[in-house]
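One chain, chain A, links the two complexes that follow: it is found with chain B in the first and with chain C in the second.
Coming up: the complex of A and B.
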């Protein structure tokens, strides 16, 4: 699993939210890509902010969410892939700088 | 009528105005009707306006909202404001009446345009909720809230800056998408949870393939 890959980001999300996921009766290993963290009761508005902050710190980047479809913000798969795209873009920019 | 001498350097007499029996009964009847009758954008708004609350346009008042019982005229609500279920707005304290000369124009609680007050929130006297501010459910607001800031807790503390206001037309996820934490360092401790769960922390420059 390489740093910044969608799979890695997904693992960050699930690790960060493991406790509330379990508390809500879900099995972290069984979370699918279309799992909505908000409607499942795993996080609230501030939880999303905290989650993004944690991922930013873990990856060492600032995530620009302006191009993310709002509906995808709380869904594990699309959010992971969006952050992966952001990470790769920033990595390319840093290399060429 | 309750009257107090002003504090030092505030020689003007302060005074809690009387209510009057008929006005008081009418005021409370309308409050009771507004709490239980349907009409979040219509009847409830009308009823509170009749009580004396200043209310702008497109204001949504959920069921069981209590707006200052005795002195509703001391509450001002702007346009596009949402008041969540069972929120409570208090505008007077007997121990701190307004100055007598200011009674006609006195406003204790001012909720500005596009603000969102969550369910069960309590707004205490002498505060301003800034334009586009969000008070999360169950919070107790004891101090004024800046424009476009989200507050949470008891006492309510700023937790995030709102990129867009949480108005009736804005989808919730769009609002979330635009939230920015005020103190990112506050969340640093949370990263330790992820570390404990076996996810390696990356160096900021460690961009891999």
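Coming up: the complex of A and C.
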């Protein structure tokens, strides 16, 4: 599982949100890709900011959310894959710079 | 009809006549023209009018969230001559039940999202209710069989209602336009009753101040349970503009919502702008279509106002101020770049000057005006001072006062401000009590503490706003010196009684209380404990 891969981002998200996931009565290991962090009550607006900034710090990138479909922002799978795409784009820009 | 005593819905009805085909509302993917929204509202109004309750006040609850039914419900209640009582399906059902019982509403409009909570919300309600379910296409007989004392009206019956004759509702001088519940220090939410004339005065002042026209597109970031939502609806509809209500999700990425909805008027708590800045969304000229950028509900940081002004260069940024009790907003400060930066204190934008018709008094404990430069409590008088607290004459008398050397009734805001020197603006300094703003939501820490004590079975519990943000607090954390009940169990019980933002994120059990020199519990010391844990 390489840094920046969708799988890795997914694991970062679940690690960061483990406590609220358990509190809301979910089993972290059983979280599927279509799990919605917002409607399940795991995060609110402050939660999303904290989550994004944690991932930014851990991956060493700045995430631009402007291209992400609003409905996908809080769904584990699409969010992880979106961040993976951003990570790869930035890595490529850095290499060519 | 004199406009002083007009019904709050009249502005919408006039616009519906003038601009039947313009958009009045966009909510999620649903777009409703003035004519469509008028029809939906009118059938609801007709059902309410045909089923007059045997007793109870002229109020209708709107139990709905970011749906077409929510807005049709608000307008339908007003057209029927009722005030609306917004109830929020994102709150715990037990809290909604308390509000419904305290309001004594005998009619209730429920949207699809709220329908699943009906069982909890209708508990202990013995008086016969009229329950209108505009989103329920299924047979309502199932409900009728379950709750035979109530009358249920579904989509089928609403469609059959003929509303060809336009209704032009009026409003008596003191009739209630909306009843909103806010956090109450005793642990029970308190209702603020706002009259049609209060809101109509504000709306008329606002459409003039902002030069609103039928091409404007307003954000609706606020839930209906927050009175600032009334600005978006009634100021827009007064002039034929469109209200754009994002879904709960779209609200998490507001920059995209501003662009996709082509907004011209933005109104939110500063916390939303802070979140956008943290997400990197406040880039220069990011929002070229905005004409007005309005903030209210908590202190606006000066650097945030400056960043927003750069992101929306064609817009004027204003910081509004006002408690629910004085109807939406009663003072405003216009951001003027560098000149304003010099007028800020501790990076907080001033709250400015009273809006048209309103009067501010900065007073000491004896309600006497303090000298320029001195600090005092802000009191507000004028046509927006609301009717007071619902069924609570004692609290109303304590907060709505006539100062010894005055004749006007002033509302004691509980906010500390500095008496301006010369023609300077009012500046917010803090609270006199333990009310805080959590992500813009008003929370009485005493309410959280009262419930903590009950649920944990302790004599003393202290709640503080934490983490601190540039505009207030991001959440709440609490302290106890013993925990007879497991703290996670306590938090779970609180989740059933408080809105999510008011539930302590952590409960700390400490060895002993820190005291200050007055022998009071030192809240500052508790905050330093939290700081040290970072």
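The rule is simple: the second predicted complex is superposed on the first by the 97 of 97 C-alpha atoms of A that agree within 3 Å, B and C clash if a C-alpha of one lies under 4 Å from a C-alpha of the other, contacts with A are read in each partner's own complex, and residues count from 1 in each chain.
The rule we apply is simple: a residue touches a chain if its C-beta (ideal position, glycine included) is under 8 Å from a C-beta of that chain, and two chains touch if they have at least 3 such contacts.
Keep in mind that what you see is a predicted model, and the values were worked out from it rather than measured.
With chain A as the common reference, chain B cannot sit beside chain C without a clash.
The partner that reaches more residues of chain A, of the two candidates chain B and chain C, is B. In the superposition on chain A, A:48 makes contact with both chain B and chain C.
Touch criterion met: A:38 reaches chain B and chain C at once. By the touch criterion stated above, A:73 is placed in contact with chain B and with chain C alike.
By the touch criterion stated above, A:64 is placed in contact with chain C alone, chain B being left untouched. Once the complexes are superposed on chain A, the part of chain C occupying the same space as chain B corresponds, among 469-477, 487-495, 505-513 or 523-531, to 469-477.
38, 45-46, 48-49, 53, 65, 68, 70-71, 73-74 are the residues of chain A that lie in the contact sets of both chain B and chain C, per the superposition on chain A. Chain A meets chain B in the complex at residues 2-4, 11-12, 15-16, 18-19, 38, 45-46, 48-50, 53-54, 56-61, 65, 68, 70-71, 73-74, 87, 90-91, 94-95.
Contacts from chain B toward chain A in the complex involve residues 136, 150, 152, 159-160, 171-181, 184, 187-188, 190-191, 193-194, 197-199, 201-209. By the touch criterion given at the top, residues 247-253, 255-257, 271-272, 275, 278-281, 439, 474-475, 488, 491-492, 500-501 of chain C touch chain A in their complex. Those residues of chain A that touch chain C in the complex are listed here as 23, 38-39, 41, 44-46, 48-49, 52-53, 62-66, 68, 70-71, 73-74.
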